[in-house]
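Note that the chains take the letters A, B, C, D and E in the order they are written out, and that residue 1 is the start of every chain.
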């Protein structure tokens, strides 16, 4: 049904900081006014909680990775559309070992990570590359906020983390990043997803959000004073500074230009990635105990191709709005 | 008509009244759940009672796909072990520190303000320090519980010791007791049931710290499971787990009451 | 032989004078009852005899030596309340005296030593008429029985001096009379020196061999704490104690019966 | 030599003794910090005291570059507002429910078991549910505090009401008081200081829940800040914040004590 | 006019019989004192007169009507403890009676009504000799003053019947005598019907115009609860109450002085 007031949740992460900036600087407001709607952008501290709230219907959209979008809202029956693919992790997630720089040495260790998150997925992909499986290690669920402190403890030898924590781990003496997401480029995507039904009934929401996003992108990219100031503000909001934030950006492939994003989404990569992801998710019970096979949830891609059940499509990649941005139709 | 404060329900009415709120909550839940499920049968938020019962049974009786363990029992054993250790050590520390600070003026002056300040520090905020000092294994979890409840128990025991009538201490001295003998034969046995009362009061916090520590770094445990499955909003697991924890908390509380009743028949008990 | 001697004894708390220049000489074997207004320092005086408090000026002697600065086994005590240990049965409350003396480290006896302590304690319970309640906890005993127990406990160490601070203040009049008989009996038989504080003037007169009245001689309405109490009356109660004992015993037994008979229709 | 229980330090010795443990802890910290910093001057774990003082001063006096606000004061105001609201509402609920369940047998039978069960549920475990039910605004944080401490306060107030001597209630009735008047003029004023005592006991948990809820969804607040910088292990901020929270907790506790002392001169007070 | 009548009154708690077949007729204006062993049911009987408990068999009449089933303003009460409200000053403790009657909703009075209630309360305080302590909280009053306050409070509603459950049980003997004078004075002047439970036989005899002794007639050692107590003595105390009053007043004043003088050296 048609509405004129919407709520979007975001959480602190390098690729999503622009939302906070756009909200504070009035850019989101400006675009919402243009389409005569209201958009409330809310920061949620705890990433998982923000997704849960979206799934429960408290929000119309949320910032999320491709994997969590599949396993939480989509598997929970909420038809979800990836409206904007903002970036993919290109070294922002990594496996860190103490005292060795060989990934194979991970065998038999207790690995600290946020269980069932993209870190877990990254670990699974990393283990494949050295012919190991999850059975060869022991996963210890560790809260993302505490992983840095935990790694300082003598009995922790291995961890998987994302930025900014990864940066902190990297700086510690004796720590080595033995595998990172730049070795599986494009597999960990940072998205803005919205509820499909809401989007279909209110295309203005999609247009306003996409328009705002790419205006922010334009502002923050480059080296002019405005861009530097924007990145300073984002760094500050993330609890670090300009330098720290730029270090994080360096390991992120931002799609500053909508054309790049459209190109990425329309390539075959998302399908390939989601195939891996859904197998992983199924193996770990992330699709729910009642999911009989990975095909339980259907995934639709920008070119119309499909994975899984066509009767139960709950996760869709949509390039329409990014294309409009590319073509200047917003 | 009597004033309402002078009216007492008879036994069956009383029982029925006591059940009423539970039945009401259950009904409200069932209606809300049915309404949500009618809209979206996959909605994870308010699963039906039968789905929860099924999930609980599965957790209790079917080996997990990933680890081959009976999840519920593994979690329960792990959590109760941590809780038990943390609480027992806290009790020991509370007893020793409380008796010394309560009984010996010099020790009281030296440690009582320190313990008071210690008890005001929010333990969750100093987690990083605990990690670094005690690692992230079982020890850290037990230490978090101790850090959370031991200062409280120490203060409570100290107060109970200070409340002992001076008359008793004087009497013991006129019977020739030394400080050590007074501790052993007069103070310790009288403080023990009060220690159990203090522990009962502290158990709520102990459960909280247990869950918080398991949420932060663990491979099994009741809190671990809840925070893990929270990742995919698996209320089918969370709600039965919450009920299970509540039941366990209840049983531990009753156990402590019974110990007090049967081991210390002379003790009238503190209300609460 | 003199049991307790006070010479120019003062007791002050900061600027508050509680006791002022007390002079007293009590020979061994006396039964001293002490009365006085509330808050005038009777308990304070008793606490000084106990060693719980120290005088601020003057001298207090036990025998010929200065009063020890803390309570010890040579002076037994019974308070109005809390004298016995609530967590021990009557028997154990009495046994504990021997246990503390013999087992310095554990405060407990085992085997033969325990049996002997038990026998001694049972005898003492019998003396105060509590042998039938040996296994009861204090909370299961009536007020009078608790005070009997406290007395039994206080006598286990064979103290030379027995200090009583309103020991029967919380008891019913009938029971109080039984207690009077008991304490007189024990005083007689054991040759104790007794100091007993009471609020009941009657009790003070009939029970003791000597009555002390504590009172403030000087008053300053502006500063109520400026002057302390002194002994304003020191009355020797001129009766042979054995006679007195018999007399009291008779009165106690007979009084209630008579009253009832006289008035019944 | 007197027995050690009969020895009391004089005032200056007592004060010195009380300070001793604090000085010791500080010394140990300084030595440990210096040792770590000597090894690695960038070590974040145990910052020097001067670094912490600097960080604290910066937070307290320099406007944030991003928002132009004084971070420490914004955080403190936000947290105290939430805490205050949560605690006040809990007190109100505790007072009303406690008085009714304590005084009226029918109400007691109906709600007392329910409140008991409620108080056993670990609030952290139902955190996700609370956020969904109450949104992520201020409301959810306040509700978490309420959920965490109101059942405890209710039970405590109920017990205090039940402890009122029957004699008083009978006396009031012989003066012609109705149930409502008894509540208003006999029970309420007598229970009020006890309510403050119960609140003091519950404040520790209230802080805990405040920090936990701010960790999950907030944009300012003491718990939020600690959580935010925890990712960087920024102990320069965390430790002064912990000290600050401890100080605030202390002040609130003292405030409640003072209120009790001055508003209810007739109330002897419950120890603890 | 008869104040209280009991006809074949029984009180049982489950299988425990507390009171057994009580028959009693008390005319208005009597001062009934009740004595009996501990636990024999004296307080239970008083609680029935209060309306706190209901008989299990038989009849209990107040005047000619059945006893109301809950406490009310026609029967005042003073307990041994906890009779006054600790959170109100002495004056407010007494004023509250009028406030409750006049302000059904708020239980508080303001303005002129408040002033009038205050005056009435001050008069009552004066009657019990507490006018100088009007602004003190009960915890600042001595035990005797607290009981005076409780009596003043109980009389504010002008009850026909005044029920006293060991009202002086916790007081010192000297203060107790003052209280006797006070209660006799009030009884006289206000034409009250008084029921007073006491543990002090002496008090029972000297104070009342009629003494009831509660006791169990039958005993079953196997089942101590099988039989209840009855009235075993019902003794009219044959004195004109006015005379008695004067007599007591004299004795109270003189007794202590005499004792002191007689014995002083």
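The rule is short, and it goes like this: a contact is a pair of C-beta atoms (placed from the backbone, for glycine too) under 8 Å apart; a residue touches a chain by one contact, two chains touch by 3 or more.
Keep in mind that this is a model prediction, so the values were computed, not measured.
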Handout entry: Given chain D and chain E, the chains that contact each of them
Key = B, C
Practice task
Express in whole angstrom the distance between the two chain centres, defined as the mean CA positions of chain C and chain E.
Solution key: 34
Completion exercise
CA centroids of chain B and chain C: separation to the nearest Å works out as 47
Handout entry: Approximate Å spacing (C-alpha centroids) for the pair chain A, chain D
Key = 37
Exercise for the section: Spell out, as numbers or ranges, the residues of chain D touching 2 or more other chains. Expected result: 3, 45, 128, 132, 173, 178, 230, 233
Completion exercise
Multi-partner residues in chain A (2 or more other chains touched) are 52, 56, 146, 148-149, 152
Exercise for the section: At least two other chains touched by the same residue of chain E: list those residues. Expected result: 70
Fill in the blank from the handout: So the complete set of touching chain pairs is A-B, A-D, B-C, B-D, B-E, C-D, C-E, D-E
Practice task
Sort out for me which residues of chain E touch chain B in the complex.
Solution key: 69-70
Fill in the blank from the handout: Residue set of chain D touching chain E in the complex reads 165, 167-168, 170-178, 180-181, 184-186, 189-190, 264-268
Fill in the blank from the handout: Within the complex, chain E is touched by chain B residues 2-3, 6
Exercise for the section: Please name which positions on chain C make contact with chain E in the complex. Expected result: 38, 142, 169, 172-174, 199-202, 205, 211, 233, 235-237, 256, 259-260, 263-265
Handout entry: In the complex with chain A, residue positions of chain B that touch it
Key = 40-45, 55, 58, 65-66, 127-128, 131-132, 134-137, 140, 215-219, 224, 227-228, 230-234, 236
